[in-house]
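Next come the structures, one after another.
Two complexes, one shared chain (subunit A), two partners (subunit B, subunit C).
Entry: the complex of A and B
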């Protein structure tokens, strides 16, 4: 499974979330994390049609199909729980 | 035309235009040149620097002329690379993108960045600030006035807390605050500003730097402008900067408070329109949300009727919620639909009355076609 995380350098919510995302990444080794920057990975981000809020998290299954996407600030355990729930 | 977007930029003041034109005509020599024309330019540069220090009431601080507050903010953040990564950089979610972005870069490199809590009035939580300082910090950076909502910080109270930790440096982005609230710049180690918010030219700003505090160059080269920031001194721009400060500082206008209150009361009367700027915010900024409408549509409608407003800080991405409104209201809907009116001494009561009439029409039309 893969989780794409889209953030931007200028985004305060992203600044807040990065340490939490890192913790989750370290604890969930079964998932591949791919980090995209809203500005510097413009082409890839545009293709994902992510709307108006950052950060964005998009989970894909092993077949490459999108399972779920969600957005914004949340506590570390909530982020972990959302990913676990989606995996189930 | 009704221009209510002075927080984005202020039109060049006539006096500034004259000062710049005069400087360009009179001082043609490079201030680095070792002959009469150069010496004249250098003397003028020294005179302008002295004038600005006097206006800002800062004797223990040096002035570093930069291209604007964005560069100044970046200089301060880059300076923090001197310190161990474990020492946190403390800031707020209300900061301008030119503060958040370089902090994000440092965070990516392993530096610890912490947000101090903001209460529902947009004020820094001083107890939380103290708790963060106790974990070991190198920098506290807090914007003096939020560009989107007009929330003012009590820099003196914040400085009192920070100064209990003498190794911690204190920076404030005063870009929106200068000329619009009482500021004691002696309380900070660094302050950033841009001239164009005060009716000066775009492309010049200041980093106010307390002597003895560390500073890392972004631009190395000759030291004529400053050893911390190389460049041929842009005398015309600096003249514009000095003049804009002279024209605007110390000339607070009660009319702005009247205009602000008039429009606050007026907008509050519309169903679905909510005021985001706290009661004690700067009168120069009024932020509201019209939650049943796409704010781009509101902005476009007003623009078609020659009323110019912003949805958020001009330097923010257009289709991203206002972080400042989100921090104040915790309401994503309000953050997505916010509109900012910002005023200056040039704003007139007549413009405010005209705005009311235009907005009534805007409300009627957009609500009818919702």
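Entry: the complex of A and C
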């Protein structure tokens, strides 16, 4: 499974989420994390049509199909739970 | 419901206290004497003419009041008298119109605001005749006025439900500067530019340059915003006697207030996170930041940072929904001295930049950018919206209630 995380350098919420995402990444070795920057990875981000709120998380299954997408600030355990629920 | 109230209790109580501190009811006092009004003015002074236009019919209809006009620009004797009164009462005599009634004074004149203040003073002395002392009359008669003492008059006594009488005016303007500046500071544009600039600068691995460019950004932001507010205050002071202008600003406050409430109601249902700003503006900002960080000549990088801060803050003024304009309008309605105006603008300015200063300081301390939740910005729309609507309504219905501070 793969989780795409889209953040931006100018976004305070993204900076807040950075260490939390890092924690989740370390605890979920079964998932590959891909970090995209809203401005510097513009083409990839545009193709994902993420709307106007950051940060954005999109989970894909092994077949490459999108399982779930969610956005915004949340606590580490909430982020973890959302991913776990989607995996189940 | 209880959970909602518990979670937001502090914010609700703060908003209510703030509104109560403005929506206060002046205490009415409880046999009539002849009161003398001394007006010091200048020929050609717009506000002096406005005050004369107010006093002439008022005095002709009220036999218990006498009014004396002294022109101080062309008549040295009158100017000297004004200075003598300034020393005796320990009051500033640098601006006109200056109105003295008993031992009270009023600087400036704004229809709907200062006229009410003059009537309040006259009413106080007529209701408390033993407190009245014609200080100017004594000075004109070359009497030694000695210790003037306290006549007990204060327009700053307010009745606040549950709290009783409160000396509110001394705190109202600083409190308003603090609240409005902080609310304005939640505006994200400048913060985003600062974060982007700092994250790019951290890659340069030159702490000295990050310090200089970061402080240049903050300093220029402060100067641009302060410059705008001083310019608007000067304009507002000149135009504030025009009722139509007051109503225009009240309309801006009401529109801005409803706009903020709408933003809050919309954001309330959404996740907390960063709103992506308009693409062309974001790209222009990024291009400017990248040209600063790639600049080989450091002086040009400093100039580029100043230009970035200038344009970002100019835009920020547009998305502040009129908060600085409303605050300067309130200052002009209070007819304060230039020093007092500067002080209140400074309080506003510091609060406006506080979040940027904190982010910059922590960033420089840790050499790592710290994020923060955007949920506070959401509540700033709620509090800001309510405050702007209350101020807008007061500007139309009871402008004198916005006279928050007296010397």
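As a convention for this text, the second predicted complex is superposed on the first by the 88 of 88 C-alpha atoms of A that agree within 3 Å, B and C clash if a C-alpha of one lies under 4 Å from a C-alpha of the other, contacts with A are read in each partner's own complex, and residues count from 1 in each chain.
Keep in mind that, in the parts below, a residue touches a chain if its C-beta (ideal position, glycine included) is under 8 Å from a C-beta of that chain, and two chains touch if they have at least 3 such contacts.
For clarity, every value in this text was computed on a predicted model and none was experimentally measured.
Counting the residues of subunit A touched by each of subunit B and subunit C gives the higher count for C. Once chain A of one complex is fitted onto chain A of the other, the partner contacts of A:78 are absent, as it touches neither subunit B nor subunit C. Of the two partner chains, both subunit B and subunit C are touched by A:11. In the superposition on chain A, A:53 makes contact with both subunit B and subunit C. In the superposition on chain A, the residues of subunit A contacting both subunit B and subunit C are 8-16, 18, 38, 52-54, 72. On subunit A, the positions that touch subunit C within their shared complex are 8-18, 38-39, 51-55, 70-74.
Partner subunit A is touched in their complex by these residues of subunit C: 188, 191-193, 195-196, 199-200, 270-276, 282, 286, 359, 369-375. Against subunit B, the residues of subunit A that register as touching in their complex are 8-16, 18-19, 38, 52-54, 72.
Taken together, the subunit B residues at the contact with subunit A in this complex read 93-95, 97, 100-101, 103-105, 107-108, 113, 115, 316-317, 319-321, 323, 327, 332, 336.
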